[in-house]
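Okay, got some structures for you below.
In what follows, chain A forms one complex with chain B and a second complex with chain C.
The block that comes next holds the complex of A and B.
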């Protein structure tokens, strides 16, 4: 392997200037189209926090009245990811909505197999947006791919009259309006916006922890001007997402040379060509992190990234690769910092790579905590309890 | 690693006119004007590309072929290389604002829509995923975590499979107590999704690429659509 020197991004600065943005401000165009009767804009609710995007435009992040557009991969295979997002909302007493009138964005399949088309993809997106609007909440997108895809859908619907007309007709058939949110907001932006409030209520010291961050491709590579950047983080040379949250919790974030590389997910590859996903994830991400930083944990903010980086390490171990880094989402780390239960809330038993050394380093009595979770499962198995409640999770 | 055969004769059995027709279909896509602006041959896209590190694959070759309108080469790429792309869009770093990843998205759509044999082969083994997403609205579900499906994910998959029902009930959000879908989805939501698939031509597209899967999906959807009062699902 060739070893290249790591260029520290923090040594350089990117001067954000909205006039230099490669595209116009889509929000202005949205409101113009609304005036012309082409569509309806879902406004960001009044209680919001503004964060800067790559070229300095400010983005409104709703604090509450959020409609949680869940992720099929998170809910299906790593359900503590979504549970931690909800748990954070509940801890702050925020008004949020966990819908059943929601489908997946279906973009994972679209990027994997192309067995869809732009009309169908846009119609699925608008159907979900309309469902949020009908109950008076604002969409908060859990999945990085859904987020990137919806940004592209919004861009296409604004610029392609023909597509807009087709989707409007489909929505009419469904008895729905063509509605588009003023902002497309990813949950990790909400976590970042809430970082100071999370840090104020931090119960678990994390100042002795070192992490590496993997920014999700579809978060910052698709419609890059809509991702969050901060001049104080990496000199705004790369997105501030996740890193800003971890630093607020006192975690040392280590830099590594392959930060821009994808995780190896590949959409179709993770399902039918996993040899690629395994190799890329281990050799280009995990091993590089180990060699250059040797962190306690890898933190990321997308379904596919948590899955691929975590699950791929099992096969890497069989090949004597330098693996063994626990992988979690920023929502799980933030919840853990605020005292969430590692099994009842973070649901870490669904993860693969051993996370016990990390949890013990935080001073947690994980044997006791696993027994507490197991006691809940035993009650369910014995038919003495239908399911574990939020109240049970906080006992 | 097998080298990719880019010779023009590889698909000599397919007429030039047919290859040109397919490329015309790619160029007719509404997105085409925003994905290709020329190529410096700088190779930044290749340097950023994960697939280029592990396959005989190059986003630069894709961009060059379509920029030169090399119809034979485009057909060769459409019959093989495009399925190696990771769709991460790291190649959007292009200093000319090209998007080889988006070019590939369009080429894949055209390959599927026209039922290319190579597209059918690329999607072999993927049918159960298409079935899952189209019939339930979830790409993956908890009950897919079975050891035979994920042998390389280790022994914890056995543990999940053995405890699946109880572990799902041991999730505080009530919407997550499901096993066949990622979360609980309303019946009316699924019906609306089926209507979208029908109205946008996605069902026709599936019929062209996998007739068996199409028939299974029709069976599943027809029953639920009829229950919801949709006896006739013909649209303009």
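The block that comes next holds the complex of A and C.
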């Protein structure tokens, strides 16, 4: 026993105090601007759950009446990601809106230094917010890139009168108002807010599973005071997102030293220096997770992170690196826990790294489930149906 | 008839010096302190040695306490917290909770000496892991260990072979909103680095910094001896993250002189946490209606030529409640506040 006049880390308690927040509460600024007639605030619908943010301020997470702002990369690369979010909403009988008139936020190119200007960026964001507001729903952002970007846009619009004036003019030409949501909410915050309800309906035991979590940079590094933290999770020193959800499902979350590092996506790097992305993803993330935790699965909450961590491992395989970790989103894991079909709903056949050993460890009969999925595909091929329906997904 | 007593709020070095000054000039000082003991942060945080003269901090605080205790011109009220205030120069009525009872204190002028608090590294945007790793400490923690004469790794009790200081934690940081320099941390880190080298001669000590800010004589008294005599390594570059690898800490960051990223193993890391206004400073400012600056320190209104007057006539502020200050600043400001508070009362007593 060492007797020292210092408190050891386990007994040091960080107390989040909104009075000590280094930044102003943007929501108060928003409502003030609304009073002054500068903009309109989209209120969080009545049915919401409050979660604490980094400095102890509470953030309202809408349970329903959500307008699903999808991700370009999700829809293109890993469609089961968003399908799982919708499937969860349907399981709880929640009122949600899946728009067909949402545009790309264009932020990927913006962060890769490839395009655009502040007015265009802000106008695209407001156009999407307005589309949600017009149908009476609240934006729920699936994409980490869009989420981080919209927070930056909101910050800029609040602080720059000139930008507001220019965007207002563009909106007038489109016949839309300058509207900004009271909260910018990421889907993984919704999943976390729903974790206890998801756990109540858990059908697949996951208590023997170990996962590592990659928190998305654009979730917790941009306007970081707005991200969800919990004193029970890493002493509120890391975001509670994903980890809190997995723990509620009984999954053991393993810690690894490079948790703060980017997944390798890097926006610009994945476009112009893809080998760097692959190397970083394999050597700084996957290999470190394998060496330090050896998990069954990697779980994250952004399109770029899932695709980069998942789809970089083929390169590592060719170089005999320690790879082979399946990668999924928290929405997919939550849906799987509640009994969603791994192929019809999670669409895991779109993922690159072999996830069969993980699914088998969960006790799933994946050969049978693959045959069920294949039968649906055969019907489509034979022209007997145009697409799979939600009813087909739950058969 | 104007009340000639002067109320001093805060029993740290500034408040103690102010009380002694008032008593020496033949006036009555009422010294209120919310803790059960005088001595302020050097006492509460267990400082080992003062910067820059390395004098034993406990001994120095004992000397300051002895100068006010049993002094017939000083009334000391411990366990006392100010809760309300009314009146103006010559006629302040201040409410306080003293040992569980509400009391009213009458005074002609007030000196606020409510001091600072150390920055909580849990709010840091860099990932220093203070709440995760036993061997990541603050200057305050290190000071306590040095005072106890036992500088070892808290994780395993072993003598460290490599120790790093990281400067400007919570200071000069726009992300956090503390854009100011806390003034004393460079000196204290260098002082502690010397103490560590003396206590554990085989231990290598590194200081990662943006700029080393060694005010006045500290340059010659601490900075050069640390490098030349005690072989402390100064590395220009900010550390961004501390991770654990095995039983070592890895400091990640950038060496800006060498223009390259760095990842260096350490046994212990000491975060040079800066100064923020104490809770008492914010509370007392609000009670008296004293203007605070954007960092919530008390704003003095006289610029460089008057560092103690506030926007409330008859209420003066001194020491670290007005911004980052070293001990020399605090003692000097206490003298200035004493002079101006007595002058304020005398102006009422002596017809123009």
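As a convention for this text, the second predicted complex is superposed on the first by the 379 of 395 C-alpha atoms of A that agree within 3 Å, B and C clash if a C-alpha of one lies under 4 Å from a C-alpha of the other, contacts with A are read in each partner's own complex, and residues count from 1 in each chain.
In this text, a residue touches a chain if its C-beta (ideal position, glycine included) is under 8 Å from a C-beta of that chain, and two chains touch if they have at least 3 such contacts.
Predicted model, so just to flag it, every value in this text is computed and none were measured.
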Chain B versus chain C as contact partner of A:339, first or second or both or neither: neither
Chain B versus chain C as contact partner of A:23, first or second or both or neither: second
Touching partner for A:392 - first (chain B), second (chain C), both, neither: first
Touched partner set for A:236, first chain B, second chain C, both or neither: second
Partner chain in contact with A:55 - chain B first, chain C second, else both or neither: second
Which of chain B and chain C A:14 touches, first, second, both or neither: second
Comparing the two partners chain B and chain C, which touches a greater set of residues in chain A: B
First (chain B), second (chain C), both or neither touched by A:311: first
Touched partner set for A:257, first chain B, second chain C, both or neither: second
Chain B/chain C common contact set on chain A: 22, 224, 260
Of all residues in chain C, those that touch chain A in their complex: 46, 120, 122-123, 125, 127, 129-134, 136-137, 141, 144-145, 147-148, 150, 152, 154-157, 175-178, 241, 243-245, 250
Partner chain A, residues of chain B touching it in the complex: 30-31, 48, 50-51, 53-55, 83, 86-90, 92-93, 97, 105, 108-109, 111-113, 119, 122-123, 125-126, 129-130, 133, 137-142, 144-145, 150, 152-154, 156, 159-160, 163, 166-177, 181-186, 188-190, 192-193, 195-197, 199-202, 205-206, 209, 235
Contact set on chain A toward chain B in their complex: 22, 70-77, 79, 82-83, 86-87, 98-104, 106, 108-109, 111-120, 123-124, 127, 131, 148, 156, 160, 162-163, 170, 173-174, 217-218, 221-222, 224, 260-262, 264-269, 271-272, 274, 276, 278-280, 284, 311, 314-315, 344-345, 347, 349-350, 352, 373, 376-377, 380-381, 386-390, 392-393
Touching residues on chain A, where the partner in the complex is chain C: 2, 4-10, 12-15, 20, 22-23, 55, 224, 234-237, 257-258, 260
